[in-house]
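Have a look at this one before I ask anything.
Chain IDs A, B, C, D and E follow the sequence of writing; residue 1 opens each chain.
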Amino acid sequence: MTSRPSPGLTLAAWLGAAFLHIPLLLIILYAFTSEDRTYTFPPPGLTLRWFGVAFARTDMWDALWLSVRVACLATLLALLLGSLAAAAMSRSHFRGKDAFSLLITLPIALPGIVTGIALLTTIKRVGLEPGTLTIILGHATFCIVTVYNNVVARLRRISPSQIEASSDLGARPLQTFRYVLLPHLATALLAGGLLSFALSFDEVIVTTFTAGSQQTLPIWMFGELFKPRDRPVTNVVAILVMLVTLLPILLTQRLSSGGDYMHGGGKSS
Amino acid sequence: QKAQMLTSLGQNEGQLSVIAWAGYLERGQSDKAYDWVTPFEKATGCKVSVKVAGSSDEMVSLMNQGGYDLVTASGDASLRLVAGGKVQPINTRLIPSYGTVNPKLQSAPWHTVGGVHYGVPYQWGPNVLMYSTKAFKTPPTSWAAVFKPQTLADGKPNKGRIQAYYGPIYVADAALYLMKTQPALGIKNPYELNEAQYAAVLAVLRTQRTLIQRYWNDANVQVQDFTNEGVVASASWPFQVNTLKANKQPVASVIPAEGATGWADTTMMHVAAKHPNCAYRWMEYSLTPKVQGDVAAWFGSLPAVQKGCTASTLLGKDGCATNGYADFDRIYFWRTPISRCATQGTCVPYNRWVSDYIAIQGGR
Amino acid sequence: MSVPVTVSRHRFGRGALITLLLLAPPLLWLGVVYLGSLLGLLQYGFYSIDDFTAQVVQQFTWATFASLFSTPSNLDVIIRTLLMSVAVTLACAVIAFPIARYVALLRGRSKAVWVVLVTLPLWASYLVRVYAWRLILAQEGVLSWVLAKLHLTSLLDAALSLPVLGGPSLSSSYLGMFLVFVYVWLPYMILPIQAALERVPASLVQASADLGARPFQTFWRVIFPLSLPGVAAGSIFTFSLTLGDYIIPGVVGAPGYFIGQMVYTQQGTAGNLPLAAAFSVVPIVIVMLYLALARRLGAFDAL
Amino acid sequence: MSAVSLKHLVCTFGTTRAADDVTLDVPEGEFYSLLGPSGSGKTTVLRLIGGFETPDSGSVQLFGQDVTRLPPYRRDVNTVFQDYALFPHLSVLDNVAYSLTVRGVPAAERRARAGEMLDLVQLTAFGDRRPSQLSGGQRQRVALARALAARPRLLLLDEPLGALDLKLREQMQSELKGIQRHLGLTFIYVTHDQGEALSMSDRLAVFSAGRIEQEGTPHDLYEYPRTAFVADFVGRANVLPGERLGRPGTQLALRPERVQVLPAGQGTWQASVREVQYLGAQTRLELDAGGIPVQALIASAAGLPAVGDVLGLRWDDAALRVLER
Amino acid sequence: MSAVSLKHLVCTFGTTRAADDVTLDVPEGEFYSLLGPSGSGKTTVLRLIGGFETPDSGSVQLFGQDVTRLPPYRRDVNTVFQDYALFPHLSVLDNVAYSLTVRGVPAAERRARAGEMLDLVQLTAFGDRRPSQLSGGQRQRVALARALAARPRLLLLDEPLGALDLKLREQMQSELKGIQRHLGLTFIYVTHDQGEALSMSDRLAVFSAGRIEQEGTPHDLYEYPRTAFVADFVGRANVLPGERLGRPGTQLALRPERVQVLPAGQGTWQASVREVQYLGAQTRLELDAGGIPVQALIASAAGLPAVGDVLGLRWDDAALRVLER
């Protein structure tokens, strides 16, 4: 029985999708509004002006660049720590294993403001200067879990006999890692990495507490939303980010759907 | 520890980092005409970086974090910074233009403690009563418009159409209202309230809670609320009034008979500022009449230097009048309420204002 | 079906030493730095603030924690936030389920398109989305405009006249805030549910039909219980994100404070870090309890 | 009345004809097997009967009623799935009671009837366990009890013993057969194990590439295979060219146990031993008779030849079967 | 020299003694099987030889060298895994060449040698495919070729044919045996299928609960089982109480094919037919001889009795084996 969505289900799904996307359409619409303060609906007129204004904002580009750097580095750090944790967890049982898995989940399960303030008190206590470094550390803390989850799930799917087979065929542990484990994990790492990039890229609350005088893109937007003028510029930037990120989303899609062959090592196809 | 005051200026450090209200330090990114940071950078070689803060509280916590040189603190933050030892005394001799500052502001209590100056006045402004000219056929003359339930000129009650500022400092607005309308309470200064006075003030605020549509915290959101949320009266800033008028919305503003609270911002310097020379140069530069006028034009505020009213083409010649320059004497500027107060021995301190005002907003 | 697999004692190498080496860096970061930070914050909860100097008094006291529960307005904040988090989580689950089920049933290209549709909102800036909702919810905003065109304004008025939930307009009522919360966190609920649904073997659905269950019965007795881990995983996000958010309650909704705002205001204002710390303990405790529960439901395998 | 009657069923997946003009008739009470190699379409036919696939053409009748377009839950049939498909979130008892639950049978009666079924499959004590806490053979029995609890008149079984090891499989075979007889049900049983099919079935159909190659009783199929495929799939067979046996243009099947081994020089053909496989009771010889490979099965008790020995072969002509091409 | 020599190996998991004092000696070039029911410790012993488990005590010697503490990649052994464990991300050729790749053999030579191995298993044309694009039998061959490409002197095979269907299994059995003979390698072969073990092995060990029950040639084990367990696991056996046969206090094994069926009234025992299983060449009878269940295997060609018939049974006393308790 090839289950097909029933009409009711289809309707519900489309309504849900509309709920998710109408606000996005509105954001797009208001990137073109000719009237920038009161945001009446429907907008009195449309203009391309805000794109020019947005592109001319050097502070926006600075913030964007900082966000990209922060997200990249935080993701890198999360990839490292997350994979290590996943590797450790997929090994034999050890005492405190459950506690550890709880610990890894904690930074994303606790509200950002708690994480933010907690880190801030520590940063102050050890006399660290809030800055790019502290932003990265803050972001990495809650990004670890996304990488961890992806890698752990993948490791669970790799049959242990793959690793044994490699060793059996004469591969030393590093070779096994290079030739067997890494190719298997690549897509999981990519998917986890992208997700953590996204989380870091759009994070406001933790950043508010761990940032020094630098502005990441969301912090810049926050300022801009408070600012008296040029509100549509934030919409323009939001659209920009959406367009640019569509590409990696599509990419992960590809990779994760192509991931089926990954457990095709068994007897039954 | 009390930081030592600088006695002479040295080499520029080439950098300066400032915590400021949005729009206080513009480098022409939003509008090329509004740029007073670039000229400063060109003139001094100090590269300026700005951290925008959304509230006085945020400014305090950012200063606590450290890593900044200057902050444009309002009166409700400045004394906390002084008391917390986060800012250093300013040597006014190193700021030649200090003398041009409006004399009433030069030694204002929110930045001068024991005769020592902890900053340089930057801008000020009143918290005016903004109202809809449709709902009020004649301009309201009392803050009662936002504190007392009443039926407005358009025939509908004011319930659900009133806004109030969300910051706990707004308690002072209610205190000011009582100070003038119930002299029997003996309030002498809206920032210095004993327990009995304080209780009466809270009662006023509780009554107001039933009228409130929202407590506003974002000037832009308030502009929207007046445009499409049916709000008709609120304590507000000239900025919102100007914006709404520019958008042809039917609003006007007034400083009612009781007077008004207001804010006066001071540029203050962190105790551990890493770039003190650039900081002093900025403080001097910030008093330039043209800068003062430009900021006022952009932000809808008033210059701390009288000449600022005439030195800026952006502000225009009526700018100061529009923004309420003449009302200086009727304004009770924001300061942090402290326990040891001048007028009555012991007063209710700010952290109680905070928790009680939060409770009132929550309907308690 | 779970096929019994022989698990070796040493999956990826030998001995406790390697486990320890692998574990050390993440443990150092999360266990020492992060957990240490949390404990450091907690410590402040046992301090108090001096009414006169407004300085933190570093002396052990239960008073600050006690004030959480003895001050009615503080208790209000906690209850208000909890109720909202629970409501948002339930609503997200209800709305997410059909979408997730639909996407899980799709194959090939249309599935890919839908997964992108679901994830895309996550990439549009959170702040911009929240502010966009103000436009929708305003008294003269998009929603009332549409409802007016459809002659359904009375519906909106009825909703707004609800006790507690309603208000002068959607954007200044709990109803509006609730909508925004649900909107913003919805994708976080859809994705794990969809993943869990995809793990329900098709043969179980067939077996159920074979045993005489109608499609709805199959859904209720087989598909739904088996996707609970996904719901639990998603609810960790929606629940805790609502619990700590301070931006949304500041932009839309009725005036009352939420825990996030409270923490934010208290730590900034007069530096009342002790009360802020005490307040942050509330979400910490609730989330811990919740995690323990979710763990029971197998949420950790579904995150 | 026929329990199942399939008429010209066709079911294609892409370009694969998984069921290709299948016509079948199973009388009530019969144990009927579908036998065939992997991919020959056995499961597909079973799924067509159960209602999990819709045929491209042709019809499915159950007990005289056309059900071609009915969904599974409207058919009076139950299935024991190849992977058992037990509900992991329900206890064993709840699994067994599932069909009663969805029909709204009251809890007390439900428990009683599910309990009976558990007794039947000898799992009385396991009602409270989860399926994951059972061994393979026990799971298999739960799947059976669950299907039987619905009191179907027709039970479909898709390689129900495939995952069990040899001893357990043999034990379950006789239990299954016993239950079928005891309850008088109709069983349609899919397997690729010819020994199983022969020993359990009343009748069976041999599938190849979506088609039925031959149908009949085990004895018919073993003794009178019509094609080389059936001859070799049901048991082993020597398929010999008619040229060497005086019947040019034909192929002939000869069962290995019908080949008699004699000392060299005697018998019809001479052959050399290529391989000796000791099977316990019997021993299989692989022989080379002048280029034609021949298998013979002899009792181990007799003396065994060695690889390379030359032997004489003989057979009864009545043991030869002419095959269709 | 022994290829493998295990001395008093003990390996426990928690409270399970998966290998319990296992001592074994396999000469070079032998096809040696480990036979036993599920969970009896066959895989564990294989993993101990391969180096995937470390024994709690005892030692493992390969070709005279003690390797007890060496990791798998330092042992001159290769394994064909139960689930094949092919690398899904590598092509078939790269899978086969894996052991050469990790040893740094130059690409050209690597391809050549891997190609040879593919020729050997008759998969020359499949080098560019992914494992997921192969059928079960083909995957099995790739796993074999991959293990052989490393040129081990000893090959371990863990139920390599377990998942294949019957016909394919029989075909692969003879291919495996052929390759072993052709290359002169030592094979250690794990299976729970006694037919497979008997027909392929030079010698075999029967495992039960982590211990070796009996060891010897297929003929030894079939003809002279020492315990009831071996008698019944290697082939089928009637285990009869000595009391009824004049040897009180003992148990005796009797193979079903050694039971002769006679008309009622004749023979030593009288028995009624409880079940008749047609197996093609032979037919199995389940009989009840005064409360003692007896199986008999008779040629189908003779006339078959029906359920309920009473028959006489007889056997040669030489066919009885006294079992150890």
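Everything that follows uses one rule, which is that contacts are C-beta pairs under 8 Å (C-beta built on N, C-alpha and C of every residue); 3 or more make two chains touch, one makes a residue touch a chain.
Since the model is a prediction, treat every value here as computed from it, not as a measurement.
Asker: Need the graph distance between subunit C and subunit D over the touch network, please.
Answerer: The distance in steps between these two chains is 1.
Asker: As a test of whether you follow the contact definition, which chain pair has the most C-beta contact pairs?
Answerer: After tallying contacts for each pair, the winner is A-C.
Asker: Taking the mean of the C-alpha atoms as each chain's centre, how many Å separate subunit B from subunit C?
Answerer: About 36 Å, centre to centre.
Asker: What's the distance between the Cα centroids of subunit C and subunit E, rounded to whole Å?
Answerer: Chain centroid spacing, subunit C to subunit E, equals 56 Å.
Asker: Any idea how many Å lie between the Cα centroids of subunit A and subunit D?
Answerer: 53
Asker: Can you list the residues of subunit E that touch 2 or more other chains?
Answerer: 52, 71, 135-136 - these are the residues of subunit E that touch more than one other chain.
Asker: Subunit C: which residues touch two or more other chains?
Answerer: In subunit C, residues 8-10, 134, 138, 140-141, 206, 209, 215, 267 touch at least two other chains, as defined above.
Asker: Which subunit B residues touch at least two other chains?
Answerer: Touching at least two other chains: 64, 218, 224, 227-228.
Asker: Considering the complex alone, what residue numbers of subunit C touch subunit D?
Answerer: Touching subunit D: residues 1-2, 201, 203-204, 206-215, 217, 221-222, 225-226 of subunit C.
Asker: Looking at the complex, which residues from subunit A come into contact with subunit C?
Answerer: Touch residues, subunit A against subunit C: 1, 3-6, 9-10, 12-13, 16-17, 19-24, 26-27, 30, 39-42, 80-82, 84-85, 87-88, 90-92, 94, 98, 100-115, 117-119, 121-122, 125, 140-141, 144-145, 149, 153, 159-160, 163-164, 173, 181, 198, 202, 204-205, 217-218, 221-222, 225, 234-235, 237-239, 241-242, 245-246, 249-250, 253-254, 257.
Asker: So in the complex, which bits of subunit A are touching subunit B?
Answerer: 35, 37-41, 53, 56-60, 120, 123-124, 129-131, 212-215, 222-223, 225-231
Asker: If you look only at subunit B, which of its residues touch subunit C in the complex?
Answerer: Listed in rising order, the residues of subunit B that touch subunit C are 55, 57-58, 60-61, 64, 80, 83-84, 160-161, 166, 168, 209, 212-215, 217-218, 221, 224-225, 227-230, 336, 338-340, 349-352, 354-355, 358-359, 361-364.
Asker: Spell out the part of subunit D that touches subunit E in their complex, as residue ranges.
Answerer: 37-38, 165-167, 174, 192-195, 198-199, 218-219, 222, 232-235, 255-258, 275, 277-282, 284, 297, 299-301
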